[in-house]
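Input: one structure, supplied below.
Read from first to last, the chains carry the letters A, B, C, D and E; within each, the first residue is number 1.
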Amino acid sequence: HSAVVTIYSADGLHDGSPNWYQTEFDAFTKATGIKVQYIEAGSAVVVDRLNQEKFNPQADVLVTLPPFMQEAAAEGLLQPFTPAGADHIPAAEKDKRGMFVPMVDDYTDFIYDKAALPRPPKTFKDLLEPKFKNKIQYSTPGEAGDGTAMLLQVFRAFGSKDAGFAYLKALQVNNLGPSSSTGRLTELVNKGELWVANGDIQMNAAQIAQNPNVRVFWPVGPHGKRFAVAIPYYIGLVHGAPHPNAGKKLIDFLLSRNAQAQVSRIAWGFPVRQDVQPKDKNYEQLHKMMQGVAVWVPDWKLVIQSFKQDLARYQRETGS
Amino acid sequence: MTSIAAPAIRRTSFNTGWQWVLPPLFFLSVLFFYPLALIVRESLLGHGRSLSLSHYDAVFTSGLFQDALLHTIVIALAASAGCLVLGFVLALVLSFVAFPGARLLARLIDTFIALPTFLVALSFTFIYGSAGILNISLMHLLHVRLPPVDFLYSAWGVILAEVTVYTPFVLRPLLASFSLIEPAQIEIANSLGAGPWRIIRQVILPAAIPALLAGGSLCLLLTTNEFGIVLFISAKGVITLPLLVYDQAVQEFDYTTACVIAAANIGLSLTLYSLYRMIITRFGGFRAGLV
Amino acid sequence: MLVWSRSGRIGAWLLFSLLFGVIYVLPVAVIAIASFAGQWNGVLPSHLTFAHYARAVHSSLSAELRVSLITGVMASAVALVVGTWAALALRKIYGASRLVLDIVFFIPSAVPSVSVGLGLLVAFSRPPILLNGTIAMVVVAHFVLTSAFTYGNVSAGLARLGPEFEQMAESLGARPGYRLRHVTLPLITPYLIAAFSLSFALSMGELGATMMVYPPGWRTLPVGIFALADRGDIFESATLTVLLACATLAVLVGLSYIPTRAASRR
Amino acid sequence: MAPGAVIDDVRSAVRAGSSWSSPKLGSGIGFEDVTVSYGKLVVLASLSLTIEPGEIMALIGPSGSAKTTALRAVAGFVRPASGRIRIGERDVTDLPPHARDIGMVVQNYALFPHMRVEDNVAFGLRARREAKEAVKQRVAECLRMVGMSAYTQRYPRELSGGQQQRVAIARALAVRPRVLLLDEPLSALDAQIRHSMLQELARLHEAMPSLTVLYVTHDQTEALTLADRIAIMRDGRLVASGPSQALYREPPTRFAAEFLGRANLLPVTLEAADAGDGLARVRLGEISLLVKARPGLSVGRDCLLCIRPHGIAMRPGGRPSNELTGVVRAMQWQGDLHSVTLETQGVLIRMICAPLRDPPSLGVRFPIHFAAEDATLIPEDA
Amino acid sequence: MAPGAVIDDVRSAVRAGSSWSSPKLGSGIGFEDVTVSYGKLVVLASLSLTIEPGEIMALIGPSGSAKTTALRAVAGFVRPASGRIRIGERDVTDLPPHARDIGMVVQNYALFPHMRVEDNVAFGLRARREAKEAVKQRVAECLRMVGMSAYTQRYPRELSGGQQQRVAIARALAVRPRVLLLDEPLSALDAQIRHSMLQELARLHEAMPSLTVLYVTHDQTEALTLADRIAIMRDGRLVASGPSQALYREPPTRFAAEFLGRANLLPVTLEAADAGDGLARVRLGEISLLVKARPGLSVGRDCLLCIRPHGIAMRPGGRPSNELTGVVRAMQWQGDLHSVTLETQGVLIRMICAPLRDPPSLGVRFPIHFAAEDATLIPEDA
C-alpha cells in the first residue's frame, strides 16, 4: 500500500544528528502518515542502482548531484513532475523537460590544514610545489560528484581542456591517489595526513565543527578569478516508481518553504527557493565564506556529451 | 582445499552418490551461476547483441588494466605468503605452547574477519600514516622534519593490512588440524631426540599441509578480490582489479567494461588458485598423500 | 607440549606477543581509542569523550546491529546446510567429476564481492526472479559469499575423519541417515562450528555486495560504518566498529563454547 | 579393579542374563574365490572358505597375512576385486555393512571418541531403534560382562588400552549379531582377564548356538580352546584349514606345523610305509624310529617328522616309545614350563616339560622319549 | 613372508650387527614417590621403584592399573603431580623427553602417518644428526631385525597391525637409547614372530648389557623369560616386586600369586609352623599337608596354600609328596596342554599337564600329588 515512500539519495544530507533529511522525513510522516524509507550511497552509485533495477523499480524519489542526475534523466530513469514550489526556483536551474529540480544548492571548494599551512595556497600552480608531495588528494572525477565538478573547474580555470589536463598531469606527482569519496578527505586534512583536498561548501562547513583544523579556500587559475562550481542536489520522481503519489508528496514537502527554511540551519546548505531567505547564523557564515567567489553553472548537457571521452582521457593522462 | 584423494580402495558403490550433489548444485546455480552467467554474457555481448571479444581486447590493451592486473597479482601473492607465515607461527604458539586464554585469543583474532576490511586500513592511517602515531613519535624522537616511515601508501601498506585481515583464514584451519595431531606422535618424536624445530618441520608441518593448503588458497582468493582495503588506502600504485570493476560499473555507467574486468578478475582468481594447488601438490602434499 | 624448557616457552610467548601486539592489538587499540577520541591530531587524542557512544546508542545503531545479526545468522545457517550437504555428497564421487565439482563449489569465493553484488542486482531485478528491494537479496548475497568457505571447512573436516568410525557404525547396523546424525556429524562438529563462525564473521563484516543490494530498511552495520567513515566521521565509525566487534566476538566466543566432545586434546 | 572381582562380575552377569539366547536362525559365512587388492597389490588371493552356521572359526597366520583384510571383506569395509561373499543364504557382496547384521571388534577398537562408554555400547541398539529401557538394561549387562561397569561415563580417551578393547567387545556383542567378527579382540588384555573373556565367549556361544564367529588371533591357545575349526593364512592365501584338533595333531604342511604349536620338524627318510599297527618306520641320521603312518608316501621319500615339544619326555610313555639321546644346548625357564633345547643326530629338538626341580646343565647328555603316535609325518614341500 | 624366513633374517641381522654394542654407560631408572593424576583422578599413587642399570624390569598388572601411565612418566609425557623421576644419576623430572635419551614403543604405535616406514625408523637418527650413510645402514639393520625389510617404502596406513608394531619397535631401537620403554610391544604379533622378537630383545640386551629396559606386558611368559625383575601393579599402586623367579615361586600376596601364573589358592590353617626340614604342616578340610615353611606365621592362623597348576601331577614326585583325591569337574584341551579342574576337600583346584592320551571323563575320581617344596604359604590378606 502507499503508506511508504522510498528515496534513493546521494549522501550528504543525512550526516550527523540532527540532520536535515531525518528532520524533514519525521515531519513528513507526521503530516501525511507516510513512512519514508531512505537509502544513501555515492552520487553515481544511486543512479547505477536505479539503472539496474529498472525492470523492478524500488525507489520513488531520486536525489543526486550533477552530472549524474542528468545521466539518470538521459537513461530514462525519471519521469516528469513539476513540484508545487517549482515556480519559486530559477528556471535556469531546472531541467527543461521537467524531470528534476534542484533541492539544495551547493558549491565546490577546496580545503587545507590550517595547522600545517599558515595560509591557504593562492593558485592552482602553488599546489605543484614539492612540499605537497603526497599531501594532496581529490576525489576521482567520474566517481564522486565533487571530483567531477573539480575537473570542470580546472578546465575553466586553465581556459581549455588541454591546459586543464596538463595541470592535472603535473598535479599527479603530489596527488596521493584516487579517492572515491570526498567526505573522507576532510578528516585526513584535519589530521595532517593531507594538507589540501577538494570538497563542497555544504559538507565542509558542516564538518568543520568536528574537524577544527580544516578551512576552505578557492585557488585561482592563470586568469586570476576565484570561482566555485554550482553542484546542487537535484530531486526527481523515478520512472515506474511503486508509489508515485507518495513520491510526489515527498518532493513537494522537501521543496516546501518550511523545509527549505531549515536547510542552512541544519545542513549548511543553500535553499533553492527564492522566496526563502534564512536568517540563521550558519547562513551568514556561509555567505561570509563565499565572499568574493563567483558561482559558475556549467552547461551539464554539454558536459555529459563529452563526459566519457573526458574521463577516458583523464585516466590516460593521470594513469589512474 | 578438500584435498583428499579418493581412497585407494573405492568404497563399495552401494548407493551412487550423484543425485545427492544435485540439490546444493541447483541452489548454487540459481543464486550464483545464473548471475555470473549474466556477467559473462554481458562481457561478451556488450550493447551490441552479437558475440565479440572486442571489449576484452579494448580492456586488456589498456595500461590501466595491465597495471591493475600486475598490482593485484603481486599484492595477492605477497599477502598470502605473509598470512601463511604469520598464521603458522601464531597457530604453533597457540596450540603447542599452552597458556591460559589461548582459546580466547584465537577467537579475538577471528573477530578480525568480522570487521569490514577498510577499517584496518583506516586504523593503519592512524598508526603508520605520515601524521600517524609512529611517524610523529619518531619525528619528535629523532628530530627530523619528514616522516621516516613511509610505506602505508604503497603496496606494502596494502599487503600489511591484508595480512592482518586474512591471517585468521590460515589460523583457523591450522588450529583445527593441530588439534587433531595425535599427542603421542609429538611425544614419541620428542623421546626420539627431536627438538622443537625438528618436530615442527617433520611432524607438525606435514600434518598441517592440508590446512595450509586450505588457508593459503582462501587467502589467495580473498586477497585477489580484496576491495575495502585498497579503496581506503587509495594510493596511486595500488589500484587492483576489484577496484577497477567498482569504478567502471558504478561510477561511469560502463557496465560492459565492468563485466569484462569482473570476468578477467574471476579468471585470475581461478588461475592463481589452480596454480597454487598445483604447486603445493607437486612439492609437498603428495608426500603425505594428502592432495 | 612442544617447548619444554621454561626459557623456550618464554621466548615463544615473547615472539607471539610481539607479532600479536603489532599486528592485532595495535589496530584494535587504535580503533578503540578513536571511539573515545574528541580530536586526534597528535600522537594521542587531545581529549577523550563518551559522546560518540552516547550518540551511537541513540542513533539507528540498534536497528543496524539487529539487521546484521539476523542476516549473519540466516545466511550462515543456509550456507552451513548447503556447504555441508555439498561436502558430504562429494565424498561419494570420485575422479575428475569430483575435481570439477570441488572447483564449482569453490568458485563463489573467487568472485569479488563487488561483482557478486552487481551480478545479483542485475540478475534478480528482472524477471523471472525478482528479489531486489527484499531482505532475501541481502541474505542471498551473504550466502553466496560465504558458502564456499563453509564448504571448504566442512570438507577439510571430512577429509581428516578416518574411515574406521563410520565403518564401525555401519557394521553395528546404523543406516546412512543414522550414521550421519550420530557419528559423522558429531565427529566433524568442530568443523561445523568453525564453518558457521567463519561465515557468520564474514557476513558481519560484509560490505562490498551489501552496499549495492540492501533494500530500504535493511541497512547492515558495516554499511552504516562505511557511510560514516566515507563522510569523514572517523570517530563515530570507530565507535560503531567497536560495537560491531564486541557483538561478533560475543557470538564467536559463545559458539566456541559449544561442547565438541570429539576434541581429542588431553 | 581386582581381577577376581572382574571374574565374579562376569559370572554373575552370565548367570543373570537369559537374554543371550535368541530365536534367530544361524547363518554361516562363505567366501567364494574372494580376491582383495589395494591398488595393484593383491593382498588376499582367491580365498574360498565356508564357515558353518554356529561354528567358531579361528583365523590365524603371521603378521601381514591378510587376516584383517578377510574380516573387513565380510564386514563390507573393503569390496572384493572379485569373488562373492555370503552370509547365511544371502550374497552380501553388494550389501552395505549396516544391512549385514554383524558385530565386529577391530584391531584398533575404533571407539566413537565423542561418545561415552555407555553410548558407545548402546549405539548399535539405538540404531536398531530398540526400546529405551531394553537398551539400558542390555548395555549394563554387556558392560558388566566385560568388567567395565565402573566406567560407563568415561570417554574412550580416558581409558587404558585394555579398557578400550573391552568396551569394543561389549559394543559388538550388544547388538546380538548373527555373525561375530573378532580381530584380535583380547590382544591388549592380561592373562587373567583374557582367560575370563575367553570363557565368556565360550559361554555366550553355548547360549546362542547359532552365532557364527570368525575370530582372528595370534594366540594359539585362544584358537585351540575356542574354535571348532582353524584356518591358517599365509601371504594372503589360505594354506590350511580343518578341525582344530586334527589340524594340530596332524598338520598337513610344514608351515602349518611350525605355525600352530611350533613343532619340532626333523628331516627323516621313510624306511617302511607300513610297519603294522598303523605305524611307519623312518630313519633319522643313524637311528630308526617308529611313527604314525601317513598314506600316500612312498618308501625312500624324504619327509619331515613332526613332534610337538611337549610330546617329548624324559621318561618313556605310550606304546611304542622311541628313544633318542640328546645333548642339552639351551634351557629356558618360563614360569609354568621349562623349555629345553637338545641336539640329537645333528639336529636341534625342543622339549617342554613341567618346571624341573634340578634342571640339567648345558652339555649334559641324556635320553629322551616320544611315543610313536605323537609323531606324524609331513611330506617335505618345496 | 614365511616366519622361517623372518627368523633367519633376524638371526643374520644380529650376527652381522656388531653395531649394537655401545660404549655408553648404563643408567638405571628411579621412581621416587611418583604420583600422577588426570584432573582430580589419581591414577598412579606414590610409586617408588628402582631399576638398576642394565636391568630388564617387567611391569605387569591388570588392565587399567597404570602401567602405561608409569611409562609415560619416565618418558616425560606426563608430569608427576609429585615425586621425582631419575634416569641414571640425573633427576629428569623437569627434563623434556628429547633430553632423556630413551627409546619407546607405545601401545598404539603412534607411527608418523606422513612418513614412509624407513623415514619413521630414521627419524630419531636424523634428529641426532647422524651421518646419512650411517642412518641408512642402521635403518636397514633395524628393519631387517623386525622382519620388515620388504616394506621400507610403505606408509603406516598401508601396513597390517602387526607390521605397524614392528616398525614402532625398529624405530625405538634405532636410536640405541640408554633406556628402552616398551608398552606391550609384541601384543599384535603372532607366537612365531613374538618368540623371535623376544629372542632378539634378549640378544640385544646381551650385546648391550648396559641397556635398561622397562617392559610392560600382559604375557607372563614374556615377563618371566625376559625380565630380571618383575613389578606388579594394581589399581595404580605397586603391590609387589622382586626377582622374577622368586616372585613366581614365592608370591608375597594373594594378588601376586593369582596374577602371575594363576596359582591355586587353597584356604588352610597352620598346624605346625616348623615340621622340620624347612617344612610346615597345614590342614585343608579334613586332611593335613606338608608345605614349605614361611617364617612369621603363627600356628592356628588361616593362610592360603599356593600351588601352581603344573605343580600338581597325577603321579607322586619330589620328596615329601602330598596326596589328595580329586573329582574331575572340567577339562580343557589347549593344544600344548591339558587343563583339568578337580574338586577336592570342597575347593576347586586346577592342574595342567601334558596332553593326556586318554583324558579322564567328568566325575571320575583320582589321586593327585604335589611336592611339599612346590607349595608355599601366603598369609590371608583382607
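Here is the rule we use: a residue touches a chain if its C-beta (ideal position, glycine included) is under 8 Å from a C-beta of that chain, and two chains touch if they have at least 3 such contacts.
Remember, it's a predicted structure, so these values are computed and weren't measured experimentally.
S.K.: Counting one step for each move to a touching chain, how far apart are chain A and chain C?
M.R.: 1
S.K.: With contacts defined as at the top, give the pair, B-E or B-C, that has more of them.
M.R.: Pair with the higher count of C-beta contacts: B-C.
S.K.: Using mean CA coordinates as chain centres, what's the chain A-chain D distance in Å?
M.R.: Computed value for the inter-centroid distance: 91 Å.
S.K.: Taking the mean of the C-alpha atoms as each chain's centre, how many Å separate chain A from chain B?
M.R.: 37
S.K.: Once you find the CA centre of chain B and the CA centre of chain D, what distance in Å lies between them?
M.R.: Taking the mean C-alpha position of each chain, the two centres sit 57 Å apart.
S.K.: For chain D, jot down the residues that touch at least 2 other chains.
M.R.: Those would be 38, 76, 96, 108.
S.K.: At which residue positions does chain A touch at least two other chains?
M.R.: Residues 45, 184, 188, 191-192.
S.K.: Residues of chain B that contact two or more other chains, please.
M.R.: If we look for residues of chain B contacting two or more partner chains, we find 10-11, 15, 131, 182-183, 187, 190, 232, 246, 249-250, 290.
S.K.: Can you name the residues of chain C that touch chain B in the complex?
M.R.: By the definition above, chain C touches chain B via 1-4, 8-9, 12-13, 15-16, 19-20, 23-24, 26-28, 30-31, 34, 40-44, 82-83, 85-95, 98, 101-116, 118-120, 122-124, 129, 140, 143-144, 147, 149, 151-153, 155-160, 163, 176, 190-191, 194, 197-198, 200-202, 204-208, 212, 222, 225-226, 229, 234, 237-238, 241, 244-245, 248-249, 252-253, 256, 263-266.
S.K.: Report the residues of chain E in contact with chain B in the complex, numbered from low to high.
M.R.: 72, 75-77, 96-98, 100-104, 106, 108, 110, 112-115, 123-124, 126-128, 155, 171-172, 175
S.K.: Of all residues in chain C, which touch chain A in the complex?
M.R.: 39-41, 55, 58-59, 118, 121-122, 125-127, 130, 132-133, 211-212, 214-217, 219, 227, 229-235
S.K.: Going by the contact rule set out above, which residues of chain B touch chain E in the complex?
M.R.: 182-185, 187-195, 198, 202-203, 206-207, 287-290
S.K.: Taking the touch rule as given, give the residues of chain D at its contact with chain E in the complex, in rising order.
M.R.: On the chain D side, the touching residues are 1-4, 6, 38, 60-64, 66-68, 107-108, 158-163, 165-166, 184, 187-195, 218-221, 224-225, 234-235, 245, 248, 255, 258-262, 308-311, 313, 318, 332-337, 352-355, 357, 371, 373.
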